[in-house]
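There are structures below to look over.
Each of the next two complexes has chain A plus one other chain: chain B in the first, chain C in the second.
Take a look at the complex of A and B:
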């Protein structure tokens, strides 16, 4: 029952954000600022995570396929698993952990310090001022982050293939290149944008409805990252089903 | 330069904190009942998110794997791929990500709130070691809960793969189960458990460390929660590569 209630509140929240976004002037400068913040702040962790996901992908693919004598197909495995699935979902997980929790805790602090009420009193629409720029920023930036993550992942998989496993690097890259089509990159980008919009909506909602006190801010931040990660994982299946099924 | 210096200082503080906690974990009689309580909380809080993430992950795996294996007419090997991928990598990493996101951030929020409300100082004034009563039980709970959740995630991932392969795409049920263990050994589950014990320790220590040294009111607690998830996930993904190399690299 409580879940249904929250779902309804989320619907009202999303509706207000959409309505306010269309009835007010678009905050272009704030959007660029948020896009820059989300992109640049998340990039270092994203690079580290993508790098080590790539190394593991190559290592595990090699170990798993060697009994079938298929270690030459490593490039294909990395291309398919990495580009189509792992990179988008890893980016979503890291952005929800970094940028999503940041959104949730910032907005939650504003809520409990009654700064959001202050905005309303000053006749500033808090939805347009706080949510819209973050939403547009994350949707703009996530596809780019996904492509960067794909490039990092393939690079690190190549490093492991050549230097740790001692397989030839040329055929590996050729296989990656042949199995990855433009459509795959496009779908990965679309997934990125879609996940980004979910992460932002969920995180901002959790912030807006934060319970009072420091413990409340902690709980709101906690809920934001878990709910958005679960949403992205489930959404991922449906997008993959439509795109590749 | 100053920033770099701060990083080193943080690393040193984390090292000292972890040393103190691990020492107490093994040498003192910390409250077992509190540990059991935290373990129960952690496991029940994280079980649903872990299932909700590994199940779709298994579904996607089967979906993509089936496409490739159909090219070679080797659909019967699908469940072997699902088994290897889920037991060795997906379940340990996804379960740990969710434990960090759900359990770790809750630890940081609780301990951080205790620090802000000066409850930790109050504990110390009463002559009780806050590390022993608040921190050690939580770290112990994370150490034990993460491997359990890894097993939960492994089962749910395989079930997700089974749903797509057998129910949606009409592969043969018997073949799916017969080939599940063709490439993977029970050892792979053991490797996952070993990995997730290490990851659970990292998560527990990072979360309680961030909460223990939280400062700056409610915003500080929010920051601690945020940092916890990011630092914990980054460090165990890096640790994962080395553990995988050690476990399977020569194999």
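Take a look at the complex of A and C:
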């Protein structure tokens, strides 16, 4: 019953955000600010994680293929697993943990300190002021972050393949290139945009409906990251099924 | 309606509450409250904590909807108005929240200028000049660039007050303007409210549990008790009320005079 009620509240929240976004002037400056905040500030940690996921992917692929004498297939493995699946979901998890929690906690604190009420009394729509720029910012930035993550992941896998495992780099890259296509990159980008919209909607909703007090902010933040991650994982399956199934 | 609740003629009222009731779960917070607020005068609503004072205030600006009854701001009923009309009506209000509700990411002056950014076409220089003028009015001249987290409790309230009046509203609401302040700072806030009332001719509605403050600033005082309006009179009459609930509240808070 509570889940149904929350889903209903989420529907109303999403409806208000969409309606407010279409009935007000787009907050361009704040959208750029949010895109910068989410994109640029998330980049260093994303590069580090993508780099080491790429190295491990190459190592594990090598360990799995070598007994069959198929280590030259490493490029295909990295291409399929990394580009199609790992990079998008990894970026989503990272952005959810970093930007999503930040959104949820900031909005929750604003809620308990009456700043959202203050916005309403000042006749400033809080949905347009707080949610729309974050939503547009994350939807713009996540596809780009996903592509950067893919490039980093492939680069680090190539480094491990060539310099640690002693396999030739040319065939590795050729297999990555032949296995993946522009469609794969487009699907990865679409996944990024979809995940971003879910992360933003869930995190902002958790912030707006935060229970009172510091404990409430903690619960809202926790719920934001857990629900976003679960939603993205489920969504990832369905998008892959539609695109590749 | 009791003898302790004065009726204000419709033509003098800027806000009218008609039979407003509100409950949260099993808890009745407002119970059939009817009252009017006079244009250009200061009204204080007092009462112990948890009697629905802040809930009443939030009904006036449409932040809460009554379960039944009407909240008339002029000819707009905030109880049934759509979002567009509510936002338009809210532009007639300014509000000072309990903790100021300032945005910590902005400077004091940017907080004050915030409504101008959203509702006017003023240039950055014009907004700054106007915000500085309002900061001077609340005796915070020269603090435009001070980061909000560096403000003291009293300064936060005054910045909140400057923000509340920057759009030159018809009505300013105060939610516990003295809470958390020392007696001297409280007096300063009361003096500021008095000064602004004289200078700007605005309708002030003050929620407080501080009867000393209410007596100092208000023309008329109302008292909420367990969700009901038990008294609503001219301040001079109210402080000599014979109603047992009001008397007990006054004795507790103005004991030194009794």
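In the analysis below, the second predicted complex is superposed on the first by the 245 of 245 C-alpha atoms of A that agree within 3 Å, B and C clash if a C-alpha of one lies under 4 Å from a C-alpha of the other, contacts with A are read in each partner's own complex, and residues count from 1 in each chain.
In this section, a residue touches a chain if its C-beta (ideal position, glycine included) is under 8 Å from a C-beta of that chain, and two chains touch if they have at least 3 such contacts.
These numbers come from a predicted model, not from an experiment.
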When chain B and chain C are modelled together on chain A, clash or fit: fit
Contacts of A:49 with chain B and chain C, given as first, second, both or neither: first
Partner chain(s) touched by A:12 [first = chain B, second = chain C, both, neither]: neither
For chain A as apex, the angle formed with chain B and chain C - C-alpha centres, to the nearest 10 degrees: 100
Partner chain in contact with A:125 - chain B first, chain C second, else both or neither: second
Partner touching more residues of chain A, whether chain B or chain C: B
Partner chain(s) touched by A:215 [first = chain B, second = chain C, both, neither]: first
Contacts of A:81 with chain B and chain C, given as first, second, both or neither: first
Touched partner set for A:241, first chain B, second chain C, both or neither: first
Touched partner set for A:226, first chain B, second chain C, both or neither: first
Overlay on chain A, chain C to chain B nearest C-alpha distance, Å: 10
Doubly contacted residues of chain A, that is, touched by chain B and again by chain C: 113
Touch list for chain C against partner chain A, complex: 58, 61-63, 87-88, 90-91, 93-95, 97-99, 101-103, 114-115, 118-119, 163, 167, 173
Interface residues, chain B side, partner chain A - complex: 49, 52-53, 56-57, 59-61, 63-64, 67-68, 81, 84-85, 88-89, 97-98, 100-102, 105-106, 108-110, 112-113, 116-117, 183, 217-226, 229-230, 233-234, 237-238, 240-241, 244-245, 248-249, 251
Residue ranges of chain A touching chain B (in the complex, touch as defined): 45, 48-49, 52-53, 55-56, 59-60, 63-64, 67, 76, 80-81, 84-85, 89, 93-94, 96-98, 101-102, 104-106, 108-109, 112-113, 164, 213-219, 221-222, 225-226, 229-230, 233-234, 236-237, 240-241, 244-245
Residue ranges of chain A in contact with chain C within the complex: 113-115, 117-118, 120-125
